[in-house]
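The letters A, B, C and D name the chains in turn, as written, and every chain counts its residues from 1.
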Amino acid sequence: MSDSTHLVLSLSCPDKPGIVHAVTGALARRGGNITESKQFGDSDTGLFFMRVQVETTVPRLELEKDLEALAGDYAMEWSLDEVGRPMRTLIMVSKEGHCLTDLLFRARSQGLPIDVAGVVGNHEDLRAVAEFYGAPFHCIPVTRETKEAAEAELMALVESLGVELVVLARYMQILSPALCERLHGGVINIHHSFLPSFKGARPYAQAHERGVKLIGATAHYVTADLDEGPIIEQDVTRVAHEDSVAALRAKGQDVERRVLAQAVRWHTEHRVLMNGHRTVVFA
Amino acid sequence: MSDSTHLVLSLSCPDKPGIVHAVTGALARRGGNITESKQFGDSDTGLFFMRVQVETTVPRLELEKDLEALAGDYAMEWSLDEVGRPMRTLIMVSKEGHCLTDLLFRARSQGLPIDVAGVVGNHEDLRAVAEFYGAPFHCIPVTRETKEAAEAELMALVESLGVELVVLARYMQILSPALCERLHGGVINIHHSFLPSFKGARPYAQAHERGVKLIGATAHYVTADLDEGPIIEQDVTRVAHEDSVAALRAKGQDVERRVLAQAVRWHTEHRVLMNGHRTVVFA
Amino acid sequence: MSDSTHLVLSLSCPDKPGIVHAVTGALARRGGNITESKQFGDSDTGLFFMRVQVETTVPRLELEKDLEALAGDYAMEWSLDEVGRPMRTLIMVSKEGHCLTDLLFRARSQGLPIDVAGVVGNHEDLRAVAEFYGAPFHCIPVTRETKEAAEAELMALVESLGVELVVLARYMQILSPALCERLHGGVINIHHSFLPSFKGARPYAQAHERGVKLIGATAHYVTADLDEGPIIEQDVTRVAHEDSVAALRAKGQDVERRVLAQAVRWHTEHRVLMNGHRTVVFA
Amino acid sequence: MSDSTHLVLSLSCPDKPGIVHAVTGALARRGGNITESKQFGDSDTGLFFMRVQVETTVPRLELEKDLEALAGDYAMEWSLDEVGRPMRTLIMVSKEGHCLTDLLFRARSQGLPIDVAGVVGNHEDLRAVAEFYGAPFHCIPVTRETKEAAEAELMALVESLGVELVVLARYMQILSPALCERLHGGVINIHHSFLPSFKGARPYAQAHERGVKLIGATAHYVTADLDEGPIIEQDVTRVAHEDSVAALRAKGQDVERRVLAQAVRWHTEHRVLMNGHRTVVFA
């Protein structure tokens, strides 16, 4: 189909019969061809979730109008986007560069659909790598005194740059509850443990002390409740008695960058839907 | 829904717009509520695949009539079944019991939806375990001379017992092309290597000789082309230089039984659809 | 070597120069040939750990005398055993049979070096499977009132049967601190979570509630501090949003039995050494 | 130990009693303290392998003299190095930068002990990233006509730069048998399949065509026999029916870079020993 666009619709709503038929009807009436789709009804929460990719010759805006009417009937939360459209993303970092380097490399060479609007660091350490990949670097130091001003500066950037997604790529500051609220559902953090184990500070030291045989990392949406946000992705790697805390950190970095990149990819492909404080991931 | 049944419909057909809408329309007109569904269109083969679980108060047979009409319009291959209905299964074995024991245990205690119609062995070794789990054991020895008669006996069992699925749980005989053809799509084999590596005999000895660092197992549908049937599931486990061929075999058995059980579960839940010589697995 | 025995020596002691030389000297003077060995010095705890397999024509008892002298000089904790000698094992269960069935099958068919002295259940449910595999089954019910008497009965069994290892194969009772102390280092438990996450009761329900993307199991030595004993082995498996608590339990059982069997194998092969509240595992 | 050095000795020789005692005796006489050690005797090949890390105040060169005498007695192949000494490494690439970027990042930030003497590309594409990380880039194009000259240029670089290890980080040219011979044991390649499956060209297309459920990567020493060299490390990742060949390639790149980095780390830490056409890896 030469003039077709490839769109992705994702939605959630209270479950009742007929949703898929209604939605696919709206798509079919516009000649849409479904290429991939997944649905799930959660009997615990009574919510229904759907993600559908559709090829159509109808412009996205017209389809949006059709869907608006439908969304009202079913009390849907929904989004319609073009498949593969890079999402405007702000990456926040401190001093460790493994996640940042990985995201920038994947965006350039592996089709990770992010358009890096900028990199914000509370230290200068990672300016060079950001700029090497063509991403503007903003140093916004944070102290107890300047935290409020720093967050205001950050929000100004988010707005002026049209940021859709903020990624905390080993950013070692805690966002204020107000900021968490304001950016709700739009901030992904990577925590360097297999949550809920080893919350808070120095998880690798905690893991070493406990003598676990696997260490992990967790990507989650940021909420005001630290390390308690909805989990998007987790993975682990094997460690052994020989491994010092430093060795755990080095091995863990591999997991961190892989898990974060996976979560960012799924989010930008509209595969992650909120289900209370959990997520539905149509991987 | 007190009087509802939970049905699973799986289908494949040439891809064209409107399939999902048409199918879900047929379900919606009968008041069906979709609980889980996945679809996939393969641009390589031009085929469309769909699996949908639906809760409905309409009897399965009535829904089947609705679907028959639809199936004609879209040239569908399809099946409709009750979710969780145990499938009549014949398990074939030789001397090693790890896969058989595992399948029987899962059927009894872990909800693997198979109804073991019988166990066929070409040796007597595994009679006791079959009978412990209440499965009738049939010893059908096979030699070059008796192979044809043995296969006839097997087919007679398949028919008299109403067998829907045959599982080769480390059955060390090769089925004749005629039998493969006759049971096409209804026989799952576990091969003790990560195919296409190490086809044929003694895969663990081959793996040891090559010095690989992971060994695996492959569950696939049986076709006349040995070890070349459509793959349903594979997995691997790590091995080391200390591991003898015997150690590889012991480690590999864990992977074999896990992979086979997973493949059988997916098959009986109608999650596996043929896509040429590959499979679509709606896991 | 036709008349040789294959022995395994494992030891730990305060670290200082010359240990390996002294130990291998004692072995060399007896014509011993080392087939596999691992050593590790932990700079945190100042302890040194060693495991060595040796082929020798000298009887085990003579070698023991040589080692006793050495052990005094270096303040060693040590053991000498025959490679592959089955360890006298008591398995304790409640109602779920996946771990028990797995251990019994592996002991019979896969060379797991345990000699099952008996199976103790606080319910009758698993008598049949124990007896199928030839293991005497003892039902010792436990209530708050009978707990003390039940533990006395258990200890009497441990002593009369010459039990070297007790395996809690999903035994749903908590051992008293006194019993934990008495059997210190000789009891392995499988906990159905990836510790330290989800300690205590109903870990799969906890995992479902938190929305984790992997679930796990942990085999550890039992201490008076519940779920805090030294970890021997852990593993995880992937779960998804579709998975109910029951589905987590079914998927988790696969991990539980695999992790427990691995821990038991390593323990019986003298590969696990205590390093404070952590373990050294010479896998 | 303030003036101590931390050394690593690795060796292999025909197996016979007394090797460990003799080696550790040489170390003990110099006051060496063993921090980590592993040994293995292969009954198939009759070879014995040993790797030992030792802290000592004696200079490396003196210890080497002691070992030379011993090595003669036991017909050892051996090496003695400082723990953590970066190995002079030449990285060869074509156009895909995932492995190169990863190795350079790990060398800078994660303690991968390589000292990148230079990067050789047969295209200019990766000059920028090499130079960003401070590695001199040499473009040596290769055509059928210039292959001999190109290899001569490469060998000149290897010699002038004091290169100890050559890493083919997705270098898409085949080295001549003569060059393979000359650099024997000093060249590591990453092949983008789980060998021995899918040798040769376009492994991801082959994997897609076969419908496998896992794809992998293999790091191996380069020999004149293409894709048949001794395997150092392998790993896999899960793929699904939705994955196009391009998706397999993207997913596979993660495995490639992880497997290659692991193999390079083990090689530079002297953990990999040749055992015929297989390897012993003291991980």
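Operating definition for what follows: a contact is a pair of C-beta atoms (placed from the backbone, for glycine too) under 8 Å apart; a residue touches a chain by one contact, two chains touch by 3 or more.
Note that this is a predicted model, so its numbers are computed, not measured.
A.B. asks: Of the other chains, whose C-alpha centre is the longest way from the centre of chain D?
C.D. replies: The chain farthest from chain D, judged by C-alpha centres, is B.
A.B. asks: Between chain A and chain D, two touching copies, which fits better, same or different residues at the interface, with half of the numbers shared as the threshold?
C.D. replies: Answer same: the two copies use largely identical residue numbers here.
A.B. asks: What whole-Å value do you get for the distance between chain B and chain D if each is reduced to the mean of its CA atoms?
C.D. replies: Computed from C-alpha means, the inter-chain centre distance equals 41 Å.
A.B. asks: In whole angstrom, how far does the Cα centroid of chain C sit from the Cα centroid of chain D?
C.D. replies: 36
A.B. asks: So which bits of chain D are touching at least two other chains?
C.D. replies: Residues 36, 40, 242.
A.B. asks: Name the shape of the chain contact graph, picking from line, ring, star, complete and other.
C.D. replies: complete
A.B. asks: In the complex, go through chain C and note every residue touching chain B.
C.D. replies: 36, 96-98, 101, 105, 109-111, 128-129, 132, 242, 246, 250, 253-254, 258
A.B. asks: Give every residue of chain B touching chain A within the complex, in rising order.
C.D. replies: Listed in rising order, the residues are 15-21, 24-25, 27-28, 31-41, 43.
A.B. asks: Using the touch rule from the top, collect the residues of chain A that touch chain C in their complex.
C.D. replies: Residues 40, 42, 194-198, 210-214, 216, 230-236, 240-242, 275, 277-281, 283 of chain A touch chain C in their complex.
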